[in-house]
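In the two assemblies presented below, chain A is common to both, partnered first by chain B and then by chain C.
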Partner chain A sequence: MAAERRSWRRPTAFRRREFTWAAYLGLAAFFLWSAWGVGADPSRIASGLGRGLTLLGDFFPPEATPRQARRIADKMVESVAMAMVSTVTGIAISVPVAFMAAENLSPKPLYYLNRGFISLSRALNAIIVAILVVKAVGLGPLAGVITITFKTVGFFAKLLAEDLEDIDMGSVDAVRATGASPIQTLVYGVVPQIIPRFAGLSVYRWDINIRTSTIVGIVGAGGIGSVLLTAFNRYAYQYVTAILIAIIAVVLVAEGVSAVVRRRYQ
Partner chain B sequence: MSGIDAARSWDRFDRRRRIGRFLGLLGAFVVFAASWRYLDTGITNVETVPREIRDLLTRMYPPDVAYAPEIVEPLIETVHIAALGTAGALVLAIPVALLAAENTTPNAATYWLGKLIVTVSRSVNTIVWALIFVVVFGSGPLAGAVAIAFRSVGFLGKLLGEEIEEIDFGQVEAVRAAGASSVQVLLYGILPQVKPALVGLSVYRWEINVRDSTILGFVGAGGIGVQLFRAVNAFAWQSVATILIVVLGVVLASEAISASARRMVR
Partner chain C sequence: MTLDVTGLRKVYPTGDEALKGVDVSVGGSETTAMIGPSGAGKSTFIRCINRLTEPTEGSIELDGTDLTGLDDDGLREARRDIGMIFQEYNLVERLTVMENVLTGRLGYVSGWQAFRRSFPPDDVERAYEILERVGLGEMEDKRVDELSGGQRQRVGIARAVVQQPTILLVDEPTSSLDPETSNTVMRLLTEIAAEREIPVLINIHEVDLATEYADRIVGLHDGEVVFDGPPDDLHDGALDRVYRGGDPPESDAPPADETAASDSSVGSEPGGERASADGVVSPDGGTTDRPGPGEP
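Here is the complex of A and B:
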């Protein structure tokens, strides 16, 4: 008894220690099943890695002829322009959706409808959306703009709706008590409370949209992605590396700008 | 007079900040307009967009239920890819996080190496990693799992590194003072302090990976994307609808699992 009291064991997140082991065992078994399922046997990985190392040589050094460099710059501007446009359109659509998806401001049926839309937008990957949109409106940047707008609404409206649910209803009631119309209540009671977060979120989403706009081109929705896919299909791996470096540079600049702006605003 | 007026009227911002905000908004608007013009999508196209999308949606209804049994296997493969990719990422991310954390990295060079790995991994999208690993391993789910792992390393390494920077270093020194080797310091001084974050972050990343692994099929890296792409190319819209619904279900289920697991470790 005394010996038992002397030894200390870390508390566990599960109700009983046996469950912990069962959970670990279950996880291990699942991973083994997964490894078997995707055919990840060590010999294949080893041969792949060997081939990968030789291939790595093909990727370096990055190289682009002046014409290819111009093409990268051209399509990169298109990507960035797509991101700019769809951030604005996405946010414009997000605002009403967010108000309708805020539990404290919206009637129940409308709330569920808009929550459903947000879930749908968040669950579908940008590439899947882009494929469908390309089939609907054809190849080109318009498809990209629609795709990124759709994805922006899911993200932005969700976070904005959560902010709206957290607002201080006291100040809303106060504005309403002075005899303000519903519109005035919204403008003077609700909007001032969410503006700071709104600005930060917009810039953050712009940053994400730049990332997305560089890849939707892989399925034909405009931007640098199409150049990347063509380069891959032509086995022009040094060109691929040059494109990837361009993408990484643009993404980093966007991230830097977004971080600086958010720090100054909040 | 003006003194009294100034005292009476209240402004939220002084003049400099007001002008700054105005210029910021104006700049954003100019960039938006310029981008829209650059993309040259033409307003005539925009009018047909809702019609085309409605057309697509009517073709999707009703979803082809008979197709469902055919997608069970690729769906399981998708889940496997996400699980294996997350596990692989976790194994790779721990050393990267130790390098990228200011307090555990051996010297400045290793610190920047850690940052570089994190940046490259995060800036290159899953689907681009998949393109690369399809070249290395040949098409199939293994390439997809490795792509997911490489994409996740940056995310996990960055956030885990930030957690490591927050740890109580006194405990680490205590373990070291007891004569522990550097591996023991890691196991008993550092890892226990970040374990909750480790579990929470990996579950969260797994949830993202489930979403990401649905698209790998487009570049031949396995999973449900293969079927989806095939159905889209065959204009089998009712099958597409079935796949989208199933993907939505899996994503929502993984979100629920992730949320409950993260609640448990908190």
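Here is the complex of A and C:
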């Protein structure tokens, strides 16, 4: 029916095909430049691998004296306790922060303030935060709890705020229209819409916090990490392996619990 | 109980003047249907009455109290007497039917009672009665997201009625429903209004549902009332004015196909008129569904 055949090609994100290729080339160049910059040359990788394998022999079999085993257990309990406490405090702080960081519920200045706080918490790695907090409050699990609480707020408040921004405002309007007070509107119109996600996120964050709590000890913020560091410093590699196995076991259990609970709330 | 709206204007922050000085009074136990094309300002009008949308100018008197002058507490108290029903039902999906219905009593309980879901026995009894009245007996513990559209709208009606309002505001209760269910919902609304002797103001797209169930029709076009009278007076010329903003005595006779379209608008087959009313071609060539910015 048409005299002239028309051609069609999928439009590209970069508008012109040349730009697409230029972008891919640029990306490849950036990768090569970075690899060269960090000194990742193949011969070094090969020799490192060889040394790594010899070293691996020193790590097995895992071994811990009864005193060391007790120390692992004590510090592991401390890690888990730190994770538990900071999950609760972190979420308690996250809730108001999330409401203030939800664009549809919060006035602009408050919104930016809380978004800023969330970005700060997300920008800093737990270890960096822990170093700063240890400087401020000294060595020990308190520093760990403060660190993990701070990190929890960045994660939890951000995701909760995004959920709050997605709620159906129509049902909130309907609750308001009955003459409900702002608190009641929150309880009946807003909270039911976010409860399932809230529960899922809490457990998920708890499992992340268990992982974090095993590492912040490296810089003195309490938990099993400190034991790991001393073991490494004394070249007690078989002891290190025992510690790592304990960490892996606890993290796996936490992840399993978290997965089961989250599936329940879907 | 009477509602007197005078000189109501609403200009949205975007600059849209949705209402351009609307005067409407409703009272007694009269059912008033507000018809008009999409974008005419029907929803805006209803939302301005209980100030879910803040009006720009004008007065809204409910039994002599001007709602526009009320502070937050006063407004909440006034809202308890205004039942509102929404096009998209606006129920809280994850709550049960009973919780949604009892939402209508929130204005009478404390925040703590609301949190504990401990409503006075009278409220609970009333909620049960109303659920039976709207045909949802035994459904109280179902979660709302398990219900059909028609059932949800009946929960919406129950939530408004349990408030024991002195007026019902209804925004397009049937546009998400099939013709059969639409009729049931309209009948329910008018019957409840009669039983409780309260006025009902219903926004509605379907002209034949409006003429069938309402005692009075208000036609809104582009933020202005262009018709106000009994359904019997809503002849083709008036419909023209509502849906196309045309002024029949002065305009040329409409082409045959347009007459046919507006004729079918008052036809009696349920649900059939919505498509045709939306499809009526306006003088500038666009459909009435989306009036152009420069349309008078």
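By our rule, the second predicted complex is superposed on the first by the 243 of 266 C-alpha atoms of A that agree within 3 Å, B and C clash if a C-alpha of one lies under 4 Å from a C-alpha of the other, contacts with A are read in each partner's own complex, and residues count from 1 in each chain.
As a working rule, a contact is a pair of C-beta atoms (placed from the backbone, for glycine too) under 8 Å apart; a residue touches a chain by one contact, two chains touch by 3 or more.
Given the structure is predicted, the values throughout are model-derived calculations rather than measurements.
Once the two complexes are laid over each other on the shared chain, residue contacts for A:P42 go to neither chain B nor chain C.
Of the two partners chain B and chain C, more residues of chain A are touched by B. Of the two partner chains placed around the shared chain by superposition, neither chain B nor chain C is touched by A:G57. Of the two partner chains placed around the shared chain by superposition, chain C is the only one that A:V187 touches, whereas chain B remains out of contact. Of the two partner chains placed by superposition, only chain B is touched by A:V219; chain C is not. Of the two partner chains, chain B is the only one touched by A:S119; chain C is not. Contacts of A:P66 after superposition on the shared chain: neither chain B nor chain C is touched.
In the superposition on chain A, contact is made by A:A177 with chain C only, not with chain B.
Contacts of A:I195 after superposition: chain C is touched, whereas chain B is not reached. Remark: chain A residues 13, 30-31, 33-35, 37-40, 44-45, 48-49, 51-52, 55, 77-78, 80-82, 84-85, 88, 119-120, 123-125, 127-128, 131-133, 135-137, 140-142, 145-146, 211, 214-215, 218-219, 222, 228-229, 232, 237, 244, 247-248, 251-252 touch chain B in the complex. Of all the residues in chain B, the ones that touch chain A in their complex are 28, 31-32, 34-36, 38-39, 41, 45-46, 48-49, 52-53, 55-56, 76-77, 79-81, 83-84, 87, 119-120, 123-125, 127-128, 131, 135-138, 140-142, 144-145, 211-212, 214-215, 218-219, 222, 225, 228-229, 232, 240, 244, 247-248, 251-252, 264-265. Interface of chain A with chain C (complex): residues 168, 170-171, 173-181, 183-184, 187-189, 192-193, 195-196.
Across the complex, chain C meets chain A through its residues 50, 52, 76-80, 82, 84, 86, 88, 90-95, 99, 103-107, 111, 114-115, 156, 159, 163.
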